[in-house]
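By letter and in written order, the chains are A, B and C; residue numbering begins at 1 in each of them.
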Amino acid sequence: MLYREAGDFKTSYAEDNQTFPIKFDRYAYYLLLVAAFGVVPFFINDYWANAVLVPFLIYAIATIGLNILIGYCGQLSLGTGGFMAVGAFASYKLMTAFPEVSIIVHILLAGGITALVGMAFGLPSLRIKGFYLAVATLAAQFFLVWLFNRVPWFYNYSASGQISAPERSVFGINVTGPNVDAWAQYMVCLVFVFASAWLARNLTRGTMGRSWMAIRDMDIAAEIIGVNPLKAKLTAFAVSSFFIGIAGALLFTVYLGAAEVGEAFGIQKSFLVLFMVIIGGLGSIFGSFAGAAFMVLLPVLLKNVLVGGMNWPTDVAAHFQFVIVGALIIAFLILEPHGLAQLWRVAKEKLRLWPFPH
Amino acid sequence: MSAEFYYGVEVFLNGLMAGVMYSLVALGFVLIFKASGIFNYAQGVMALFAAMTLVGLQTGQVPFSHLINATFGVHITHFGWELPALVAIFLTVLVMILFAFLVERLVLKHLVNQEPIILFMATIGLAYFMEGFGDLMWGSDIKKLDVGIPQGGNVWVENHTAFLGGDDFYGFYLDTLDIIAALVAIVLVTVLVLFSQYTKTGRALRAVADDHQAALSVGISLRTIWVIVWSIAGFVALVAGIMWGSKSGVQFSLSLIALKALPVLMLGGFTSIPGAIVGGLIIGVGEKMFDFLIGSPYLGGATENWFAYVLALLFLVFRPQGLFGEKIIERV
Amino acid sequence: MNTMTENSTVGYVTDDGRQIGGTIMEMKNITLRFGGVVAIENISFDIHEGEIRAIIGPNGAGKSSMLNVISGFYHPQEGEVWFNGKKRPSMKPFEVAEQGIARTFQNIALFKGMTTLDNIMTGRLTKMKTGMLSQAIWWGKAAKEEEEHRQKVEEIIDFLEIQAIRKTPVGRLPYGLQKRVELGRALAAEPKLLLLDEPMAGMNVEEKEDMSRFILDVNDEFGTTIALIEHDMGVVMDISDRVVVMDYGKKIGDGTPSEVLANQEVIDAYLGVSHD
């Protein structure tokens, strides 16, 4: 009763094709947008921005990107950290080389550069599949991190080998550098998240998305009925890397401000985003948000409970977090391979009938 | 012959020794993959966990001491006894068997017939779990592992090779530990091959590797086989853990050698035991030689971080089935 | 009864009075080997426009391999494939699909994670041309194209009577329905030549009758040329116009069902020979 879809009839295919065909969902979505754009910026503080909201938004973009590759196109990648590093270093080089150009343009270009790098490393996917490909993407991960570590040109010959984001503004408001307001960080990321989710949704519902899913579900049959595997796989790598590159650029410029490649974009980052995809739900945009939220909130929550509440040392709490995350990954894969997104669908089914049993 | 040349040969030999270590880890992967089709990402963490457990038992550490201390506000760390190395190794083997049993019970049983990629991701979860669990149990500090294997440059090799060069050449420097590791690896491989060829369990293992359904239908218990295989893999992990741990201490980076084993498997093929050995040697020698000849002089060094993966990648593109794998005929 | 010359490009009239067109596809001296194993040995046959052509033979005769050669999945070591009057160069399977050859598979090869609707929409991929940018923005061309093709797909859904399972993920459907969805996906491409690999395998009598009716209707209503592999001799003899019989990679018979049934070699292959 709380959630209704009965009586919601469509009279055209356009209506049936829309993202939220059910009225209830549509209104919930509009409400969420109003809250995110119109309410949260006025109440956000530094703690919430830094600990929860900004990382959540940035990882949501990365998760959408990786989900396109794994969840939609079925190509497992462990190179996410490396591709995020490409986005970060590309934005850094662009920002320092062309200070007069808007940072928004730089971030988009960084995404584009990452897309090209992603395509290059996606080429082997034409010959190799499954975890063979996963290992190939590990090559990307280690090679890229090594490259940004060893070639001083990438970090402008700075003594520490670190890169740090210069101060840049959008419409006269600082978005990077030390003097930046929490709400400005939040808004920049929010705009990018909104645009990414919208683009991803459109790409996955049309011809392109269907070719990706066809390759995922049965690649040989897909090719025989007319999917060009080269095109499908490379576009998936390109689109995926584009989003991941943007996430990397935002993570560095807006969130971290300064980064050392091995620390910020190591293999652990690849796994973090992979876990977000699995827990959120393979092949679901909504799931990407849910997974990113879950993996950002979990450490915050555990820290508050274990360190704050039970006075455990931080390192013990951190180890415990590994145990929890590992167990959760296995539990999700066993119980619900479609992740939080599927749990949400099931919950909606239940809510439709609630409070009546049938 | 120039000193440069002899130094190159020494790098080659050291690469060979490192390669043996890679082979040892890769072997664990191959065993599990053959018997269950699972690409066990946790193999490296298993080596770390086994080494940690060994050190913990040997030095009489109290398990979960940090956790106990934090919860009850006490200060305990050690029981105050020390176990002989062999007893500790034996107990660790038991722990790894228990672990194999639990993995089968809690994880594998529920994931039968899932796609390989799901199983692979599950083992990544398993790796995370074990890493956290190991740290909780034994603490995350770097530990010294000493089960009595001699270390340091091998004088005998040095003395007997010094005659090769001129006055400024003092013979090849090879670590005794590496030599012992190589010998242990050879023995281990021989035993495993004999075991799988000539025992009843070995035959059942091979049957399962070939076809799960068919093996089930002739009365082989899949679950028992899996426990056995994971136990053997646990044992191999322990051996690898002892060797690597004696060399560079028991620490997190130990679990990263597992990642190095992946390109080894790419080269050797996932189902071939000789492949794992040869692949390990190629990677070990290849990365050392590449860094010596090209990496250090021209590329700023530390190319060992990625060389193995890039080599495997290039190799895969041209021969997807690996060195010893069979050619795949696709069907619809 | 019809009379034909080898490689004829003129049509013929079937027993039940249908006019069949000229040659649409011709296989010339095809030989396919896997290592030392010869799967197909020097086989030639043709398919005429508008006919239902069956390929039959015992297990392992090379029928599926032959279909895979037609779809461009296997590349024969020797021989030529002619399609639409032109010699076909070595092609990738998706290029063959773009030429207008669609197919179903012996073991159902649907996209299990997708709905019935999406599966059939995928069949129209070769006909959908909007670029990636237009799709990303989903404005104008992409959305309009999607709607037009949805219209066509809905017609196929009506034709196959699968309206009720439109939005069901195909992995959850029973076997018979999955076979039907797979036929729908192939039909969505509006193929010039439709290949069916054992469309009735594993079906009960009613399901077989349904499927036979769909095949005949497709041929009749859309004029689609059909080449099919089937084990059930009764069905093959009922619905096909001409039959190729294969055994151990060789062609042992070719002609109308009645001609083939009278062929001694065919009888031997199916019933066994007494070696005396």
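Here is the rule we use: a residue touches a chain if its C-beta (ideal position, glycine included) is under 8 Å from a C-beta of that chain, and two chains touch if they have at least 3 such contacts.
These numbers were taken from a predicted model, which means no experiment stands behind them.
Taking the mean of all protein C-alpha atoms as the reference point, the chain centroid lying nearest to it belongs to A. Using the average of C-alpha coordinates as each chain's centre, B ends up farthest from chain C. Of all chain pairs, the one linked by the largest number of contacting C-beta pairs is A-B. Chain A and chain C have Cα centroids lying 42 Å from one another. Between chain B and chain C, the centres computed from C-alpha atoms are 50 Å apart.
Chain A and chain B have CA centres that are 33 Å apart. In chain A, the residues that touch at least two other chains are 220-221, 224.
For chain C, residues that reach two or more other chains under the stated contact definition are 73, 105, 109. For chain B, the set of residues that touch two or more other chains comprises 330, 332. Touching chain A in their complex are the following residues of chain B: 39, 66-67, 70-71, 106-107, 110-111, 114, 116-118, 120-122, 124-133, 135-136, 140, 259, 262-263, 265-266, 299-303, 305-306, 309-310, 312-313, 316-317, 320, 330, 332. Residues 71-73, 92-94, 96-98, 102-103, 105, 109-114, 118, 121-123, 125-126, 128, 130, 132, 135-138, 142-143, 146-147, 150-151, 154, 185-186, 189 of chain C touch chain A in their complex.
Put simply, chain A touches chain C in their complex at residues 12-14, 17, 199, 202-203, 205-208, 210-211, 213-214, 216-218, 220-229, 235, 283. Of all residues in chain A, only 74, 76, 123-124, 127-128, 130-132, 134-136, 138-139, 142-143, 145-146, 149-151, 220-221, 224, 267, 271, 274, 278, 310-313, 315-316, 319-330, 333-334, 337 touch chain B in the complex they form.
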